[in-house]
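One chain, subunit A, appears in both complexes that follow, with subunit B as partner in the first and subunit C in the second.
Take a look at the complex of A and B:
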């Protein structure tokens, strides 16, 4: 796997979620994703960045253009040092929310991406990585 | 800084004395320099205003150096000099100066002051060096203070403009008797949605509308938060007796919403605002017909 460009953004306020969406859209366009895939990855980015902000208490997002020799894509890494998730399986369930949301962000982001990985430790934080491939 | 014992005489600043005796001369040199360097942006501020600001600053600066510390501008003796700078920042922001340009107002007095100090100290190089050093530090502090206030002002102005935009960008349009449309544009964050929703509900009451069309053609991203805001708006409108139609759902947004798992099942959705209006008219018992004869005749 090869990273061609990368950009790191901090997420500390609602405006930062907008910036993450904009940076993701611009990289998805550059990578050549079609309009539907651009929209999907931007929407997933919006969900995960907001979770980082609301539940993780803020954190960082790494936005990368990657290539594995065969294909190119966009990889997003959301990292926070918040409280972590006690029961990941539960958090991933459609409709589960510990707040006032629809409870669709995590599971929706997984469906919108091609690859999805979540790691979380109580008291240490949460990391979510998604990849959207071109084509 | 005057030490009553007289032991540290050499550290007593001659700045206050200079400012008092040579105020008019310093002001003149300073004004000339400012007018020369400001020439490119002369349109932004009038000469008379610039002269008044410079004169006031010198006089406040003089007062502050007389009674206050030259190392620390946080004391009460500096309050009125700083208030004047804050005032200047405010008016310059309105005039279109950048924060750096505003701060350079303070820095530009350095030249005339240093010239004066040089004449005052003559051959006393050590005295001059010490005095220059402390004066420079002092001016730097005042300039930094000015830059900070100017930046804050700029942020306040941007925030205010954003708020004004919020209100501007949420018009409720009456399309037909009983039919309202709400063209949503940009980012639907929580603050904005609140305003949008309140506007819409109020208009529903005022116009006794039975149908409200929420058009999201101009919304770039529909995520769960936006969806939730839309659903809340639909529910609130329903309580006021109006049904909602969501229009302007572009194909890529439709696909994304499905994958996200958001269900808009209980809401009528249409691809375009025109389709939505058509549906609204139908629901209200109207039908749209082309008057064959006349339209043929018109051509």
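Take a look at the complex of A and C:
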């Protein structure tokens, strides 16, 4: 796996969620994703960046254009040092929320991406990685 | 903080969302619209989202809340101009906006709103007769 471009953004305030959306859109366009796939990955980025802010207490987002030789795509890594998720299986269920949201953030982002990985340790934080491939 | 302008057009309120809203701007719009419905005795709200290139769960929920609040205040809401890619993404995300009326563009939205408001008045008059 090769990374061609990368951009690291801090998520500390609501305005930063908008910046993550814009940076994701810009890289998705450059990578050549079609409009529907751009929209899906930007929407997933918005959900996950909001989770980083609201549940993780802020964190960082790494936005990368990647290639595995056969295909190219966009990979997003959301990292926080928040409280972590006690029960990931439960957190991934549609409609489950520990806050005031709709509970569609994690499950929705997973549906919108091609690849989805989540790691979380209680008291240490949460990392979510999604990939959207071109075509 | 920036706010989304609300225009008055007879009995209706018209909102065109042209910026990439962060969450507090969306919540401010919800509050402002609810207040303006009461202040202007508005019968309908038209929200044009043709310039929005994404609607995530937060914005989706805010739009649904606006429609529910408007309904309680005796006003109808019509959402117009959703881009096809946004509609595809919303449904895959798990949001179907079941309680909000939609139209393809502002012109069709205004016709729908007029019909809805008239229908609503006729229904109410019919109920008074009983």
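The definition used in the following text is that the second predicted complex is superposed on the first by the 135 of 135 C-alpha atoms of A that agree within 3 Å, B and C clash if a C-alpha of one lies under 4 Å from a C-alpha of the other, contacts with A are read in each partner's own complex, and residues count from 1 in each chain.
Definition applied: contacts are C-beta pairs under 8 Å (C-beta built on N, C-alpha and C of every residue); 3 or more make two chains touch, one makes a residue touch a chain.
Treat the numbers as computed from the prediction; the structure is a model and nothing was measured.
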| item | value |
| --- | --- |
| Subunit C versus subunit B on the shared subunit A, clash or fit after superposition | clash |
| Subunit B versus subunit C as contact partner of A:80, first or second or both or neither | neither |
| Which superposed partner A:42 touches (first subunit B, second subunit C, both, neither) | both |
| First (subunit B), second (subunit C), both or neither touched by A:64 | neither |
| Subunit C-contacting residues of subunit A that also contact subunit B | 14, 18, 21, 25, 35-36, 38-40, 42-43, 46-47, 50, 94, 101-102, 104-105, 107-108, 111-112 |
| Footprint of subunit A on subunit B - complex, ascending | 187, 189-190, 220-225, 227-228, 251-253, 255-256, 259-262 |
| Interface residues, subunit A side, partner subunit B - complex | 14, 18, 21, 25, 35-36, 38-40, 42-43, 46-47, 50, 94, 101-102, 104-105, 107-108, 111-112 |
| Interfacial residue positions of subunit C with respect to subunit A in the complex | 20-24, 53-58, 60-61, 83-86, 88-89, 92-95 |
| Subunit A residues within the subunit C interface of the complex | 14-15, 17-18, 21-22, 25, 35-36, 38-40, 42-43, 46-47, 50, 94, 101-102, 104-105, 107-108, 111-112 |
